[in-house]
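This is the structure I have questions about; it appears just below.
Chain nomenclature is as follows: A, B, C, D, E and F, assigned in order of appearance, with residue numbering initiated at 1 for each chain independently.
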Amino acid sequence: MEISVSRKAHFNAAHRLHVATWSDEKNKEYFGLCNNPNYHGHNYEVIVTVTGKLDEETGYLVDIKVLSDLIRDEIEHRFDHKNLNLDTIEFKNLNPTAENIAVVIWRLLRPHINKEHKLSIKLFETERNFVEYGGN
Amino acid sequence: MEISVSRKAHFNAAHRLHVATWSDEKNKEYFGLCNNPNYHGHNYEVIVTVTGKLDEETGYLVDIKVLSDLIRDEIEHRFDHKNLNLDTIEFKNLNPTAENIAVVIWRLLRPHINKEHKLSIKLFETERNFVEYGGN
Amino acid sequence: MEISVSRKAHFNAAHRLHVATWSDEKNKEYFGLCNNPNYHGHNYEVIVTVTGKLDEETGYLVDIKVLSDLIRDEIEHRFDHKNLNLDTIEFKNLNPTAENIAVVIWRLLRPHINKEHKLSIKLFETERNFVEYGGN
Amino acid sequence: MEISVSRKAHFNAAHRLHVATWSDEKNKEYFGLCNNPNYHGHNYEVIVTVTGKLDEETGYLVDIKVLSDLIRDEIEHRFDHKNLNLDTIEFKNLNPTAENIAVVIWRLLRPHINKEHKLSIKLFETERNFVEYGGN
Amino acid sequence: MEISVSRKAHFNAAHRLHVATWSDEKNKEYFGLCNNPNYHGHNYEVIVTVTGKLDEETGYLVDIKVLSDLIRDEIEHRFDHKNLNLDTIEFKNLNPTAENIAVVIWRLLRPHINKEHKLSIKLFETERNFVEYGGN
Amino acid sequence: MEISVSRKAHFNAAHRLHVATWSDEKNKEYFGLCNNPNYHGHNYEVIVTVTGKLDEETGYLVDIKVLSDLIRDEIEHRFDHKNLNLDTIEFKNLNPTAENIAVVIWRLLRPHINKEHKLSIKLFETERNFVEYGGN
């Protein structure tokens, strides 16, 4: 039986959208308000979904407490109350769009997830804007 | 890297469920309260999801501002504060069920979306009733 | 000990904003899209709050099942899947603004609530627009 | 045209996580607070999704009223205000993890759903913890 | 300047409604499903609101981190994953209705809140049923 | 008849908590992560509530479209996608705590609201932390 288990977490961070290899004018034109050099910020909500075969002895796919602690240690502690552009290695040279943040979270969690399980990340930048990445 | 980007929008509209080729009795029996000849209405929430390859230069799949403006121009302006049965061409001869509204929205947006991207529509008629259509 | 108990309910209805004693032009200018002669609609959410002294024997202010049944019988059955302007006595000669709907709900429920209890109505026309009326 | 229709329902229940073939110590160590012998509880939210070909005459995949009544009769009446471990046949010998509850709901509903339609169950144990099962 | 600061927390618990001085028949008739001797449960959401004069030097009424830790230590640790009737001193001889739970939480927190501040508790038993108590 | 009308809006901004007259050490100790010199950010949700006598001719207290435009022009345009500490006059010398942001919004809107109406501001910094200010 294949089943998915999801855990929702969140972090609050500042960022600006900016492509380092572009001129300031091109960045401003392309990213608009999101390119503000003084940054703006979001309450990011992240849903981590793990998919695989149910363990019939325990009735668990994964222990959600273990998954929850993993997200706290690898994602919340790393990004919460941070400036993504200035305070993190991951976005020093990578534009912190919602898409890239989802991909980075996937890569940070993937080594800690059972290899036989699929991993998918849904990231809400606002209640109305969100992205999803499943590693393909 | 394949990723999905979603934008949530909404419109408030009146409608009634009615199959033009059926008798009034059959319509009333089949659709119940939803067949009220004087109409009722909903706050429709629509989530538009675009899926495709991430542009590694910008970190965008699509510019969510462009997607948001497209939904405003093609969907919200067309359906908001309207009577779907009386005020729109799309439902003059089509029963405005949640299913059909999702299909119509998909068809209205599809020509404006990059051909290499997949498009999917999730439509909430109420918080507890919703449908999803991906063009297959 | 004074305490409040609240119950949330909902109904889906069509309406148009229109003052019968005004010209069509004045109505259209004042109410804009909300004056559409063919109606539009909403998923109305209503929160009914009763305030009074806690019954120390039962630990109840009111039996929420009784309150819930009352709202179903007096409000949901009356307004759900209706056109407020055409199908209800209450709004035949009263403009169905959110404010007036809240006042009407208050008047419909007040006779059924213990006279020593205060009654208050919160009505959401959309997630972003709501009103509150407490009988003063 | 393949489309999905979803209906959200809920039930409030008590449960404890416990594997009958394990010692009390092993259960306590593995399930922690969730193993409390006196039980704890949740407001479970369940989303039932049916997928199949749209009926072009009616504009329905399924009649959501019929689906809603089915969930009320088969799921809500069975589990609402119950102790899952003590009051239900389904979890007498099955650990009532969120995963197993989703699988049980799927099995209870499957015989009542059109054989040509796919069925999927999403179960929220809390707002932050949820599972999904599609019968594979 | 008088301002209110609120913090939302939650706990998951089992309970049954039962008045010790009543017969089983009277309890069953009065409380219905909520009287199930095997218990049922809820995800309780609690909003703690403190009201008082703004500290103009810090711009804080209270440090929300301190308030959050207080709620965790005094409320969440005490009630989360517990059977309110069996596992807590507070409800050993008190019917755990939503009203009484709100009053108990108010009494547990009041000694830890600045005497010049007002304290109010809003408790959601479900999304649709909630109570509020302000100490009067 | 006295009634309240509320409109919900939002803006996304960066900020840091910092009292200019304190040492860096004292700021860091008091505000913790919120004092990060590189800023963090939030999706702020603001609910503006106006209370007064219902206009019995129109059935409006205020035209919610007018209120909505006022919030867009005075609040959203001023604060959205901004760094509150660096990009705004209002917080150049005022610590941008949730409390102070609510007070500032109240002062910005008050001159535009009918003098006979009461004004109240509810500001969510996160889903779990919020403040309310009514001008007293």
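Going forward, a residue touches a chain if its C-beta (ideal position, glycine included) is under 8 Å from a C-beta of that chain, and two chains touch if they have at least 3 such contacts.
Small disclaimer: the values here were computed from a predicted structure and weren't measured.
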item: Set of chains adjacent to chain D and to chain F; value: A, E
item: Rotation angle (°) superposing Cα atoms of chain B on chain C, nearest 5; value: 180
item: Chain whose average C-alpha position is farthest from chain C's own; value: A
item: Between the pairs D-E and A-B, the one where more C-beta pairs touch; value: D-E
item: From chain F, the most remote chain by mean C-alpha position; value: D
item: Which listed pair, D-E, A-D or B-C, duplicates the contacts of C-F in over half of its pairs; value: A-D
item: Fraction-based call for chain F against chain E, same above half, different below; value: different
item: Intercentroid distance (Cα basis), chain D paired with chain B, Å; value: 28
item: Gap in Å, rounded to a whole number, between the CA centres of chain F and chain B; value: 34
item: Residue list for chain A, restricted to those that touch at least two other chains; value: 127
item: All pairs of touching chains, each written as two labels joined by a dash; value: A-B, A-D, A-F, B-C, B-D, C-E, C-F, D-E, E-F
item: Complex contact set, residues of chain A against chain D; value: 1-9, 54, 57-61, 64-65
item: In the complex, chain D residues that touch chain A; value: 17, 19, 30, 32, 94-100, 102-103, 127-134, 136
item: Contact set on chain C toward chain B in their complex; value: 10, 12-15, 33-34, 36, 38-43, 80-83, 86-87, 126-127
